[in-house]
């Protein structure tokens, strides 16, 4: 039973969500910064960040990332993790650009797949390109793995030096087209990791809470937030990202895994070195 | 995500524990009945029962089971589950005897194994004998499975009609000599069950809390109590069985699985038919 | 231990292979028909068919499929299974077309993924369209599953009525971007199937022989052929498709699973009904 | 795909078999030595040895082991592996005795369990005692694991220094009371090993051939012989141990894993150091 402090990552915006679906969605730099601060106060130590343009649409524009970053930094300390996923269809050059701002971490999605009715495109060339941007900027990669073969791709590409050996792993489970958010699947993935590898799980939709429970008890870390799941429980929208974080904190406390402080999270991830 | 109410079974006495190890151990009929009531008030719906004789030693004497049963029934409603395990070394005839009192449930251990430095003996003949006593008295069996081969023995013996097809399953994990209390092991076991089969898990020692967490999120049920684990957390003895039950109730509530009432538990287990 | 006759599927041409890589590659209708006949004589009961145009390039042209089919039918009885995969990049309309010829079976690839440095595109819409063509022509589908999430997609789409419930399953393992050809992966996939579901495995490259061995001993069926693997052993090109089939037949005979005759294969697959 | 030569262990006598069940059973020192020689000529490199007294009953008498050993050594080179299992019920002192003859290897059974209607008793104390005899005589241990918990016991006892870290692993699958001989079970066990650990599998009865097939393709080693399985195929008794070995050799050859010579086996197991 591991009592390592629990790193909670809050995915507070996302790229696909709209106010039609989730009315409290933070869109402007100020709203996003406020949501980040609330999540951090609730117990999150990583902010998984997408940003939106003036029209509330997802963007990979460097200036917007810069503005939002500054606003967040003014409000609170946290590990900032930029998404390089963009929205479905964003060209790879644009996806990479914000990494030049040298956030603490950046995501690297490890394969192409159906994402519901769309294709989420991450060719080996795309992966290699984004990986290089991450490495060149001395940023830490969080590898996003949506299916089992993508985990084997990680190993193959790490061995070839195309993907950074020093990374944090995130299993994103429950995308229609990827692996379902089941404990059986999570165990298969975790059993395939190297000993000592840090990992988190993000369960989509109704998979968010079970995956968080399991990860707490497995010694993993957790991603929650409205990007992945807008409900607090069946039929009841979450009030805020902070509300989703708070529940995980309460459960983790019962388990004697306190939510990691930002400094603890940095240490666990090797970001303070 | 299953929101079936959570059946919590409290193993409040055990056969091996002494006051030297756990000072608050209930031993007399009154103490045991009081511990049962507290556990039920805390949220348990099944009391997994061992009893002790006048010297505090484990016994399968019918009169003692009868006395304790009466005292518990006078205090609270609950599903009473008698252990037929006895202490290590109890002869099979004695192990069976209390089943004649027709409790709601009785345990049936599904194999022989090392239990630390002892042998816990359950030959196929023993299993068959106890199973017959259970069936003849119209009691529901809880099958205790400590290792993977024992689960395969269940299937073999059910097919031969030697073990009741209608049963509740309990995976007891963490005995030195049996399967460890890991999520990888629990998933292997649960994946091997038939769809719709009800099951619980009892993790021993420091495995109690993680197994409970996982089971809550997997749609299984949970056994806790000082028989299996005397610590609330590392280095801190549990105050009571109720304290261990309460934590599970709180976590289950966060997960939106309320602790089953006794009536709900009867319905889930098919005991009310 | 299942002694069901072993259905061997021969993937004799493929879409990507060229004579530069594999000099004995059958390209013309006569060559393909001859390769099919040899494979059937060696013990294959299914011919997994791609065809080539006058320039040796992969094509989904109906007239070419028609010509090759006639030539094969003139030489031998077999279960003809058309590929609807086409080459990487073939538009979905073209991929479907040959199904109108009503072959015994047609493939249906269950997801989008990286295929080495390319993308193999099978959106949910593509899957649905091809599935409809297969069903409308009363053809039996072989579902091609390359990763774990694709198997879960099968279940989801079958439940929605978008993919035929009556199908044969083929796990294609070893594509860089999909699941590796390991026994651990094969077991995970097979454990996820419904009881009684027929399945085969096609291991790519050096995974071909191990996957065949395991499948023989697991009661599954086997696909071999130069589409998947051009080597007989490390460093030694296969002489022909038949040579690869013959080895599987010899191993299966040692295991007391005779290679299925075409009639036996029809019966096992439910094609004779 | 591993092409390591395949170490075939022949279990040529066993402790429980009688001539009533298997008429060709070797019983006298000469018969056993002849059976050993035939098995080695067929491709076995390890002889797993039980011996019988003047009445054909299983014995752990040192003088009988000595006589048989001398007769085998006169006929052929092989790795001699003494069973310390004895028959069900043999006291631990007797089980240990032959180890004083310093064979190449000796078995060490890793737990207590039902063995059909009997108990196969191996308490932690028994294991420790036999392990010490093995170590003190500078013999290599083959750990016999019949259930999952026994593998976890190996790890626990190795860590405590009670079981030799340098050992060969043998999974004995298919005992009623232990784990069934299924590929799913074998994969679970093998996945739990350390990288580089050598292992073999012995499938009982009709599990012998499938387990051999899987092990060949997994890079493991194989035990066959009439101790574990008296049939060549359903309803047809094996002619001899050699016949069972020969089939494995033929399959392994098709897989390009030649049967290990005795010298190769010594090298793979680290016995030549």
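A, B, C and D label the chains in the order they appear, each numbered from 1.
What we mean here is this: contacts are C-beta pairs under 8 Å (C-beta built on N, C-alpha and C of every residue); 3 or more make two chains touch, one makes a residue touch a chain.
These figures come from a predicted structure and were not determined experimentally.
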Between subunit B and subunit D, the fewest steps along chains that touch one another: 1
Listed chain pair A-B, C-D or A-C that repeats interface B-D [over half of contact pairs the same by residue number]: A-C
Taking each chain's C-alpha mean as its centre, the one farthest from subunit B: C
Centre-to-centre distance between subunit C and subunit A (centres being mean Cα positions), rounded to whole Å: 38
Cα-centroid distance, subunit A relative to subunit B, in whole angstrom: 40
Whole-Å gap separating subunit B and subunit C, where each centre is the average of the chain's CA atoms: 50
Numbers and ranges of subunit A residues touching at least 2 other chains: 191
Every chain pair in contact, whichever chains are involved: A-B, A-C, B-D, C-D
Residues of subunit D touching subunit C in the complex: 1, 3, 183-184, 187, 191, 206-207, 209-210, 213-214, 216-218, 233-234, 247, 250-251, 254-256
Touching residues on subunit B, where the partner in the complex is subunit D: 111-114, 116-119, 121-125, 146-150, 152-153, 156, 175-180, 185, 188
